[in-house]
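Below are two complexes that have chain A in common, paired first with chain B and then with chain C.
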Partner chain A sequence: MSADALPYEEASPRWPDRRVERLLGALVGALLALVATLLVVVLARAWPSFAHNGLGWFGAGGNVDHELQAIFLSGDVGGTPVYTLHAWPLLWSTFLITGGAVVLAFVSSLFVAVFAVEFAPPWMRALLDPTIRLLASVPSVIYGLLGVLVLVPFLGNHVISEQQKASVAYIVSLSGYGLIAAVLVLTVMIAPLMVAIFSDGLRTVPSGWLEGSLALGVNRWRTFWKIAVRTARPAFVAGTVLATARALGEAVMLAMVAGSVGFSPNPADGLVFLFEPSRPLAATILSNSDGLSAPPMRATLFALAAVLLVSAALLSLAGYAAKQPLKRYGIQA
Partner chain B sequence: MRALSDRAGLLLCWALGLLFCAIAAAIVIFMLVQGIRYVRPALLVTHPTAGFGEQDSGGFLDPLIGTVLVACIGIAIALPLGIATAVWLSEFGRPFGLARAAESAIEMVAGTPAIVLALFGTLVFSTPALGFLSRSSGGVVFGRSFFAAGAMLSLVALPLVVGSTREGLQAIPAHVREASYAVGKTKAATIRRILLPAARPNVVTGTMLGIGRIIGDTAIVVVLLGATLTLNGAGGVPGLSTLRGTGGTLTSYVYRNSPTGEGNQPQKAYAAAFVLLAIVLALNVAVDVVKRRARRHAWST
Partner chain C sequence: MKARNLIALAVAALLLVPATAGAVTLIGSGSTAAEPFYLALFKGYKKVRPDVKFVYTADGGNAGVKDVQQGKSQFAGNARPPLPSDAGTTYVKGFLDGLCIVVNPANKLTNITTAQTRDIYTGVTTNWSSFPKSRLHTTIAPVGRDSNGGTYNFFLQSVLNNAPPASTVNALLSDGLVANAVQTNPNAIGYNGLAYVQGNSTLKALSLDGVPCAPANVKTLEYPLSRYIFFVLPQSNPNADVEKFIDWVRTSPEAGAIIAKTGGVPAFNKAAPVKCKKGFKKKKSHGKVKCVKKKKAKKRR
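Showing the complex of A and B:
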């Protein structure tokens, strides 16, 4: 068959497939190189901070805010750079806030996803779907603003008692900015992500499997939990990983709501623990970004960023590993 | 006993579902009330000034322009790059190792916190070779500009564009491609004339989701754009100087004017947040319309 018999195509096209494939491949290669550079550069820039502190970097000791201040001031021309940092309060705060929000969001998202897919009446479904998407698309700074202007004053004025404030007054002041406010707002931020992915997973469960269980006389509720929810486990893993990554990286809202104090909340304080202020890693980077021009501060901020980056990478690796055993049973993600 | 626990579970489902709706409704109604109280048309066309009271701090024209600029630059980079990546992944994807690596890289970008991207951006754009993209004095490159922020924000939108476009391309049945090859079209021509037009609703959806993510971001704007009140141009060329200079967006304006920021003018923060939320919700509705229209023309396999 000769090319000139064809109405649409030139005999020798200006964009032969070979060239297009190579061009697009090169573009993708460049993207890969960019991501690799990101990893290498962040780790390399972070190295001085880790090297000077050793494992003590991850430990507790001293006041983090004072240490950061000293690092920043040592960047002046002619000064000797200071790198001493014990970042435990920041790590602990990140862990508490992320962990709390992910646990709360997971439980509620699981129920809401099951509800939205199986048990909700049509009008409720029609209401839930746009609700979830709306909550997912509200910018984090608006969540932060609402947290600061609505939730925090409420907690500070009505929930935390004077007695509780007095009990820790010599260490931190409780004003509403704190763990519980951060966890609650973060939960509302990440739960919609989870619900969306969980529901997609639950919808792909073959209806024949559910019908088989129903035919055996198992009621609808038990059938759905025993069959559909178990089958959709890879989707739960994927959704949780994604939401956790978002929670880890949330800087703005947490900088506004979490209290912005380098303090590690102490569970031994009892109920007051929930109201104690702290400041997670990402928020610390954001609020200290003015110090980027000072070399020791820059290395320190990159060290904080490296911890975030490595955690995010490990997280997605863990998600991948968790999905592997499920593949044996023919369960698709 | 079992029936009781089933009932309790179902009750919990209802409670949580209604709670979600209530939270969303509360946010929208609350912001609407604040918007009606504090948004004045004059605010949208007045330059902001550094004042101490709600009366003498001007409007938020500059942040509004900043938001538009950042969204344009970001999506102008993310769209071609995202489409190219999606096309390559879905239509070529060889060697297999590179395709797997590219998928992981996209996933990695999606999981990287914006603040980490921002820090990376400060390094990239303060290299002397890229000095023409921002202000520089005495050989020291400032590294903060609309170009820098837009480029890094494009990475935030990229995974969304890639994911959505790819989904659209994969939904096109193989017989469509085969029909095109059968009339003698090359693969490249098939992609350009058949596949991309067919996947257009998905591309549009991905683009709008990407824009939504870009204009909602604050961390990159604060670190890479300077989050200043007004647009501060750099250099003499009119349009280019703005893009090379620092500025702010609605998000950084809200951040600054919240009680925890430097400005602390909650009324202005509420007004700007309302405008921002309105833009984001409008994008959401647009996505809905595009999706609904696309569903009518869905492929029959």
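Showing the complex of A and C:
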């Protein structure tokens, strides 16, 4: 028996590997069960809203704010519940703001990360890295306040002209709260997250690959762009997915600067399109949370949450699928 | 062993805490307009009676009265005076709620009518040139609250006759953000509780239908956007703890401060006792207590 006894059990009798393995396994299992329960609960509570509207839920029609108001008021005792909702303006707003911010943040983060990893002098790198990590952890309310106190008044008073305001005066008011303010603040919010993950990816590229290219006489920029950036593509996908998820779920900041009107900004309006107010899904849940006590409103809010939850899940699946072919010659991320 | 003992102790302590607190839970429901006040007051009451817990469901004033009639709730909040259908309940005046229509100081307008305000918020009037006295010829930027919170409901009921605001109105997250939007935009118009307007030179409150927005006019209900927030109790056997709470809300200076901070007007609360710094003494003049510098005793030679 003594010959068969595992040596590590003697070395650490209190926390043998096997016990730690089981404990951590149980914790992960509990986490998965929690996620599954969350999905089931949200979808079950959201069901009445989807069932009453069918595919029309995702379509356009009527004024979303008036529909939400009617749903809320129908929750009074003795009233017949109303569920009619056409959530297109909210979906479109979420798509525009998230998409705009992710594209802007991706392009700028890519170049900032390349600079920070390869081209910045050591003293600047020593300054840049902690700053970016600090920015990535700033709470979104702070960005929202900056947007409301600085960016929105600037846009409203100095950028948007009186003619532009008057041109849509009967439909929406252009006072600075709008698409461009939301996209800019959201970009500033998610870019540090992207830069941090991108630079981690770029740093893991084996230096031998770069040295080989440099030894062949290829210049520094071309070497880095063609080899390091290509190799680190899985990290770019991972960073973008994470940042997009944060952008999708952002509520407080967007409720503060996006204008909070259930309106779908119309690209056909030209430049004015950029200034038009709207309200994304997460901000809608936040600004209607008082209605949770009314059953039809609760179902509607859970339906909005379900759409967010499912799109976040699809997003990480898409990220996983996009990473597979890139991993072949690349790094793991 | 030591670590394990500590963990065991911590777990035991966690299990014991709820068992030792013999908490009283009071159940209320009703007005959404009153909810923000109530939530703040519930929080403040913890300092007086830490053992009392509140559950308040904002299901609307009328529903709250029904809950009291059926015995589901021990009290209800309501923002309208009693109706004949409210038989079996007692209405107690809690405090007052007043809402000012505010503009940027750059706007020279001093008075607006309720109908004009309604036109702005329903998107009928969109330019300040409709108000020659404003001396502005720009597009109006109306701002309001999102559907959370009492000010939105109050405005909706008393100005818009329950019609939802037009899409030209930017709905903001809090009363403070509404004030900020009006302060930073010369073309803006908004609505704020009295607490935001008093002693604030960057925000101008308009007279509504000729009556200035001031606590004195709210107390007499002369100002159009003022009303009592009522507590509704069952006529027979009201809960004693609820009555104590309502007494505290109506009379204590602490509750008065909370009401004022949340944007209401305390109606019956005693003034907070005046505390004077060293070297100052209390002096009564015109019914108000003020701090006056103590006169130094003259040195005699």
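To be clear about the criterion, the second predicted complex is superposed on the first by the 303 of 333 C-alpha atoms of A that agree within 3 Å, B and C clash if a C-alpha of one lies under 4 Å from a C-alpha of the other, contacts with A are read in each partner's own complex, and residues count from 1 in each chain.
Criterion: a contact is a pair of C-beta atoms (placed from the backbone, for glycine too) under 8 Å apart; a residue touches a chain by one contact, two chains touch by 3 or more.
No experiment lies behind these values; they were computed from the predicted model shown.
With chain A as the common reference, chain B cannot sit beside chain C without a clash. When the shared chain is aligned, chain B and chain C each come close enough to touch A:S260. Look at A:G176: by the touch rule set out above, it reaches chain C but stays clear of chain B. Once chain A of one complex is fitted onto chain A of the other, the partner contacts of A:A238 are absent, as it touches neither chain B nor chain C.
More residues of chain A lie in touch with B than with the remaining chain of the pair chain B and chain C. Within the superposed three-chain model, A:V148 lies in touch with chain B and with chain C [touch as defined at top]. In the superposition on chain A, A:N288 makes contact with chain C only, not with chain B.
Legend: residue contacts after superposition of the two complexes on their common chain; A:M124 is shown touching chain B, with no touch to chain C.
Once the two complexes are laid over each other on the shared chain, residue contacts for A:V20 go to chain B alone; chain C is not touched.
Of the two partner chains placed around the shared chain by superposition, chain B and chain C are both touched by A:V252. In the superposition on chain A, A:A312 makes contact with chain B only, while chain C stays out of contact range.
Note on the chain A alignment: of 217-225, 253-261 or 271-279, the part of chain B that runs into chain C is 253-261. Taken together, the two structures place residues 148-149, 252, 255-256, 260, 286, 289 of chain A in contact with chain B in one case and with chain C in the other. By the touch rule above, chain B contacts chain A in their complex via residues 2, 6, 9-10, 12-14, 16-17, 19-21, 23-24, 27-28, 30-31, 81, 84-85, 87-89, 92, 98, 101-102, 105-120, 122-123, 183-189, 191, 212, 215-219, 222-223, 251, 254-255, 258-260, 266, 269-270, 273, 276-277, 280-281, 283-284, 288. Chain C makes touch with chain A in their complex at residues 32, 35, 57-60, 62-63, 66, 123, 126-127, 138-143, 146-149, 164, 167-173, 177, 180-181, 184-188.
Chain contact summary for the complex, chain A toward chain B: residues 1, 3, 6-9, 13, 15-17, 19-21, 24-25, 27-29, 31-32, 35, 38, 41-42, 45, 108, 111-112, 114-116, 119-120, 124, 127-128, 130-135, 137-142, 144-146, 148-150, 188, 191, 195, 219, 221-222, 225, 241-242, 245, 248-252, 255-256, 260, 282, 285-286, 289, 292, 301-302, 305, 308-309, 312-313, 315-316.
Taken together, the chain A residues at the contact with chain C in this complex read 63, 65-66, 68-69, 72, 75-77, 148-149, 152-153, 156-157, 162, 165-166, 169-177, 252, 255-256, 259-263, 277, 279, 286-291, 293-294.
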